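You will see two complexes here that share chain A, one where it goes with chain B and one where it goes with chain C.
So, the complex of A and B:
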């Protein structure tokens, strides 16, 4: 999966109305809450087989930091 | 001797807490999205009653259909006991007017409790130690929740169930498997009030998740960790149950898992590749009632359903401990 597709898919899963970029802080989104954390864990698990832990969720800020947690090597070149 | 699940009755408290009522208390939170994702519209909570009070009402309903003098063993599953001691099952024996020459024990499990209870009932019957086991689940988590813990107040509901498991000529309860991982014990915990830490009237308030509040006197749940544990452990565990019972996934008529939350159940269903028709999800009216969700689901499924044949149903409970347990049961009529 390309990073741009990942961000696009994430916005759909989380039903985010504003435009997401790598610099968007997930926690600043109006839509962010603990339910969204569950949706995020499920999305990342489904596409990457990676389980984000409770502390991962706590530490994540921007989409970029999320990509770092998942592992940038898991993404395809744009 | 084989065992059979014969009947289930359940009782929910009268006091209902709807999402509309919760949204008046938490006006900044989107309960419409909560309802869509978690699948809960209302839950019932005690108003002064205890889990034992609910259990008695569930048993009284059951005794309208079955002869209570036949009960020779009580298995009482709760994390809301009347006292630290004595055993609540002993009080229940007296309150229900059951025989005195019977066994009665409490066991402390949450969401894995009912499936454990089925397995224990089967074992008591198979080893000829009992013929009619009264299995009760009774829980009042609402009494352990911080008033400002929006997430858990929205998820958990109170309730009690009473099941009769009796000896049978044919095999109606299959094989069960178990799992335990105490390293996750602090992901779902009430710290104070038992032996290690006393109840602390000055307990500090902590914020977790999105503006939820808890103290060490109240229930704390690390939602992401519990979600991860479930997603990682339960699909493969379910496959192991199928192997143990020598059955293929497409031969199972219904999967009835602990009704934790609809999103999590849907996540598990997709991982297992089971069709929606064969996977029970219904938390709308009552929410997550801990050890009561599986018997409530079994009752609602079997009584709203025309059995064309004997159906094989996989039941799996998972949660606090961390603890999980599941197995196979056979039903050919409503409970």
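So, the complex of A and C:
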């Protein structure tokens, strides 16, 4: 999956109204709450087979930091 | 107690603890699970002549009958059956596509019904046998991300009541046990996905604290035994008080 597709898919799953970019801090989003965290965990698990833990979620800020957690090498070139 | 008992989910958590307890009560066990290495760490399969392990994926619903028949041909009819195999998952409703729903139903519900169908046949079980299904407090309550888990565990409660009536004429009893959170690999996985704050909130919701496998197994052995001979079709909650609040 390319990073742009990942961000696009994530915005859809989280049903985000505003534009999501690599620099967006997900925790600043109006929609962000514990249910959104659950959607994020499931989305990442489904597409990357990576299980984010509770402390991973705690540490994540921007989409970029999320990509670092998942492992940038797992993404295809744009 | 003695007797031939089938236990699914025997390689881990409640099924493993139960098998250890049943071996001490002189039962002969057909244990079903997949990963034998987890089992070998706890039970010496070489020296335990009354424990028969079958590595079997219960989502292979069509193969269950042969598995049970082979055991019965060698050891005789069944006196008890406990379905501990189960999967737990947290998936938001928006991502719960039908293939995922089917997967959790296969183990938690369809395998349970197929095992019950086979084991309850007159040629396969003795009159007065006892069948126990692991539901969960989540079978009676709800939680976000648990549409699959809660609905499979609720299905068990309906199945138990209907089959208890159907099998009563042979004095066969069917009951469900609904545990609250008990420390096993299943809950360790669940907790790994949660923040410290959420974990301590869940712990606080159990007035008697979180349970151990040993808090559940005596209830199951009681339900298997003749001492519970007038109890059938029941949903027995064992949850340290979680559901009373």
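As a working rule, the second predicted complex is superposed on the first by the 78 of 78 C-alpha atoms of A that agree within 3 Å, B and C clash if a C-alpha of one lies under 4 Å from a C-alpha of the other, contacts with A are read in each partner's own complex, and residues count from 1 in each chain.
Heads up, the rule we're going with is that contacts are C-beta pairs under 8 Å (C-beta built on N, C-alpha and C of every residue); 3 or more make two chains touch, one makes a residue touch a chain.
None of these values were measured; they are calculated from a predicted model.
By the touch criterion defined above, A:4 reaches neither chain B nor chain C. In the superposed model, A:42 makes contact with both chain B and chain C.
Touch criterion met: A:53 reaches chain B and chain C at once.
Once the two complexes are laid over each other on the shared chain, residue contacts for A:13 go to chain C alone; chain B is not touched.
Contacts of A:21 after superposition: neither chain B nor chain C is touched. By the document's definition of touching, neither partner reaches A:61: not chain B, not chain C.
In the superposition on chain A, chain A positions 15, 34-35, 38-39, 41-42, 46, 51-54, 57 are in contact with chain B in one complex as well as with chain C in the other.
Remark: chain A residues 15, 32-35, 37-39, 41-42, 45-46, 51-54, 56-57 touch chain B in the complex. Only residues 29-30, 33-34, 37-38, 151, 187, 209-210, 212, 222-225, 227-228, 231-232, 263-264, 267, 270 of chain B touch chain A when the two sit together in their complex.
Those residues of chain A lying in contact with chain C across their complex are 13, 15, 34-35, 38-39, 41-43, 46, 51-55, 57-58.
The touching residues of chain C, counted against chain A in their complex, run 90-92, 94-95, 144-145, 191-196, 198-199.
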